[in-house]
Each structure stands twice: as C-alpha cells, then as structure tokens.
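Take this structure, written in structure tokens, and hold onto it; I'll ask about it next.
Labels for the chains are A, B and C, by order of writing; each one numbers its residues from 1.
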Amino acid sequence: MSRQYGSKSTLEGRKASVSGELFTLTYGALVAQLVRDYESDDEINKQLDKMGYNIGVRLIEDFLARSPEVGRCHDLKTTADILTKQGFKTFLGIVPVIANWSPKGDEFSLILESNPLTDFVELPDDHPNLLYSNIICGVIRGALEMVQLDVEVWFVQDTLKGDDTAEIRVRFKKKLEDAVPAGED
Amino acid sequence: MGIYSVYIISKAGGLIFSHDMSYPQGEGEVEYSRYPVQGLVLEEVDRNIMLKYGEVQNPEITGQPVIQVGYSLVSINGEPVVNKCLPDGRTALSVIDDPSSFPIKLKFKRLKASINERIMLMSMLHSIYAISVRLSPEEGSKGIQCLEAQHYNINCTQTRTGVKFIVVAGKSQPKVPELLRKIYELYSDYVLKNPFYSLDMPIKCELFTANLVKVLDSYERERGSIYSTTTANN
Amino acid sequence: MVAYNLYIFDRNCSCLFYRQWAKVKECGISPEEERKLLYGMVYSLKSLLSRLSPVSTRDGFIGYSTDKYKLHIYETPTGTKFILNTDHKAGDLQEMLQHIYTKIYVEYVIKNPHYKLGTTIDSQLFVKELDNYIQSKPFFTK
C-alpha cells in the first residue's frame, strides 16, 4: 500500500491533495443528512461540534507533526496567531482576522471574511438556528484541548443568517495539566 | 558559566550540602494603565503567586518574553509581595482584581528554589536513582549518571558508601566525571576527616566550601582555555 | 548498539503501546506496574528538571544515561510521550523519535479512523512500519 502523503513532507507540498469543491460538497451532504436525521437545530449543532471535536483532536497531531518549528504556546495571543495564520491557512486556506479581545485578554474573535464551507449554501427557512459551520468550533476546541488549553468556542455571527461577517468567539477557560500518576504526591 | 550548582545527598536521601556558583535569575516588569490585567493566568503555588499561562512578550524581540511561565510575582507598584501578601496585609491577588489599584506595575522574577524545595527535589532524585536501576533493561546497571534537559545536564555519581554527588552543568561540559571525583576527594578530606562533623548531617564546613569554590574556579578557567584553544584552531 | 524497547504514553498516564526488540532484564513486577513506575518517574523528572533549570522555566526533559543503558524521551506539545531504551553508547536520538511521531504514529495511528484516542494501539501496519524503521537503523541488532 502506498501512502498518499508519503513523499510530501511539508504542509505546502500537499495543498492540492483533495479538491476544495469535493470537500465543500462532502461537508454539505453531511450537514444535509444530519438535518434529515435530527429533529432540532440545537441537536444538529451539537452533533457538528462533536464531529469537529473528534477531528480536532487528531488534526492537531498532523499539524504539529508537519510544523516542527511550532512549540508549546505560553500565551493566548501566540496561540491565536498560530491558530489563524497556520492552522486555518493550512486546513481551510483562509486566515481569519483576530479581533475583539476581551479586556482581560482571555477571549477573542475570529472574523472569517470568507468561508469555504458555505460557498454554495442557502439555509432552508425552517432551520433558523442551524449553525452550518459549527464543525469549525468543535475542531478548534478539540485541537486546543490536546495542547492543554480548555476553551469554549461558539459562533457569534454567521453570513448565512444575514450577518455581515462570520464571527467565531474563543474563550480561554483553563490550562490543563498532565495526569498525575496514581499513588504519586 | 559551565557549572551552576553542586549538591550532596546522604545515603538516606537527605540533602546535606548545596552550593550555587551562578544562577541566572530572569525578571521582568509589566505595567497596566487600566483594569483588568491582560492575559495573565496566575496561580498560587506554595507561598508564591506564579504565572501559569500568558507570557508577556517583549515588543522588540519576538520569542524572548519579558515574563515567562513559571516566574513568580515579587512586587506590585514597588511594594514587595511576601507570602502572597503586600506589606499592608492585602493579598496580592485581591489587589490585582481591584480596579482602584490601577494603574498597576507588576514585577515578576524567576525565584531560586528554596532550601525546602531543594530538599524535596533531591530526595525525589534519590528515589528516582533507585528506580532507574530497577527499570534497567540490562543486568547490573547502576543508577542515573547524567540527566539531560534541553539546555543543561544534571550529572550524578554515587560512591560505594551511598553518598551522591551532583553537579548541575551546562550542555556538553568537558571532564565532569573528573570534577565529581575531585569533589568526592574534597568531601573525604574536609568533611569526613573533620572530627566535629557527624555523618549524614548537613555539611557546614567552611574549609570544604572554600576548597570547593577553588576547584570549581580552576575548572572554569581550564574550561575557558579549552574553549579558547578550540576557537583559535578553528 | 542495541534498541531494547519503546513505550508510548498519552498525557493521561495510559501506556498506549509497548514494543520490545531485544531481551530485557526482568524487573520483578507486572508489566502494568512497571509502566506506571516508568510514567511516574518521567513525570517527576520533568518537574524536577524544569524547577532546577538554570536556563529556562520551560526546559524539557530529553533523557538520561547510566553506565549500561540510555533512556530517550520525546514529548509532543499534545503531551504524548515516546520513550526508547537503548544501550548507553547511543547518541542523541531526538530526531529519530520525532520521526516515529511524525511519520509513523501520526500517519498510521492518528489518521486511522478506527483508532480510538487513548486506547491501546493494535494496528499491525503501525507495528510493521515501526519495526522497519527501527531495523533500518545501523545500530539495530537482534
């Protein structure tokens, strides 16, 4: 069995490995299926977040494996920078703008000027609360949890709902620690 | 500097001697004009308030934060923070949380390990030494000789009598085993032969310390000359 | 030179993987206890080294050597730890462990959709790739 990425070790080298449109359509089909399977928008949003989380906890390893220069972050500003300029850029091809820091510096927004997930999407009228791209929130939460950052992530604005931009809010909750081995301390 | 500290651990795992040659202590100050402080996640650790997350970056040099994770809060607006409190008795955290304290200047410092902490860490090393023998994949291994961190090493030797000599040194320093042996010699001369020293007790022999400093100084000089000859050859 | 064995731990103290290439001394306790002991030792050494570091508060632990063997550890920012035991003549193997992480663990474990994070790794493909890699190293002896 030959590995798809075997010879392309850098992030740059595999940019074109899957067509963007195929990805967008696949995601669309997935959300549409969820809409059929679940009753409430809240439940769909939750499912998307959960899926995203499961992707995030794996995706972070792929990201770190290919970006050996990225070490552990020691402040939220650096984390936000790497998340947007490297994470988003690598996997979605966009660089969200970081804005609206809370005075305490524990919360910020990601402003998505474009969102490849929503390229061809019009929300059905009977799903006013559906957060179509909610999977992104889950991915961020899962990925950051793996690097010991417990965060809350949610959509504040969404272009699909008539807002001017898409805005994702990230709130730092706490720093996680390695498990203390049983019987120690 | 090649050698940072020297420790001696008794057979029972007690720290009986500790001496620092050089111990660089980073510190940094940050000022906030308005409430609240931005991005700092502080945590009480023992008697100190430590920065857990949210390093303060140097605006001029990236990657070299002014205040690093692990630094402790030492003063607020010039007033010393002792045991988590200001001289007037208010707790440091409550002052930082109070909008009327602003503008506020916080000074952080990398604190040297206290003597109690060193006793704790060295007794930990003592038991880890034994575990490293037990976990050896090969028969007949002794314990850890060299513990490697990214930026420095802890070199360790145990005598037949169970006393451990420990030297904290920079990366790839020459002739550390010889230095350890030399310190062992000094110990047997100025500590054990001192009739007023009782075994396994903390070493308070001035002659020992003075001679140790001499040995370390000459080690540094020799190391310096090794380095200068290698650079000259290049 | 000899590579004895490799452990992979996640940050919750579970041993995800163990592989042995050479005969190792019995240490007289069950494998579970042995792994717990190893994790506990590494955990303690990590905090000891960061506390005693004269250079930086975020100094990392990369290994230790005795007169007979050498323990190498590579820790990812996600807290996964790769611990390799070799004989004491081995040099710095950080790059090798990093290779195992980036090119073998991430590819064959993390990207395997059937693998549930935090559970024991039983992928034969992973074992095969790992064996091939270790055995391709000049120091590997059976």
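Here, a contact is a pair of C-beta atoms (placed from the backbone, for glycine too) under 8 Å apart; a residue touches a chain by one contact, two chains touch by 3 or more.
Each chain and its UniProt protein: A, B, C = Trafficking protein particle complex subunit.
Being a predicted model, the structure only gives us computed values, none of them experimental.
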Result of counting contacting C-beta pairs for B-C and A-B, higher pair: B-C
Chain whose average C-alpha position is farthest from chain B's own: A
Rounded Å distance between chain B and chain C, as computed from the means of their C-alpha atoms: 27
Chain A and chain B, separation of their C-alpha mean positions in angstrom: 40
Residue numbers of chain A (touch at least two other chains): 74
Multi-partner residues of chain B (each touching 2 or more other chains): 68-69
Where chain C touches two or more other chains, by residue: 44, 58
Partner chain A, residues of chain C touching it in the complex: 11-13, 36, 39-40, 43-44, 58, 76-80, 98, 101-103, 105-107, 110-111, 117, 125
Complex interface listing, chain A residues touching chain C: 1, 3, 5, 9, 57-58, 60-62, 64-66, 68, 70-72, 74, 146-148, 178-184
Chain B-facing residues of chain C, complex: 4-5, 22, 24-25, 27-28, 34, 37-38, 41, 44-45, 48-69, 71, 85, 87
Touching residues on chain B, where the partner in the complex is chain A: 34-41, 52-57, 65, 68-69
Residue ranges of chain A in contact with chain B within the complex: 74-78, 101, 103-106, 172, 174-175
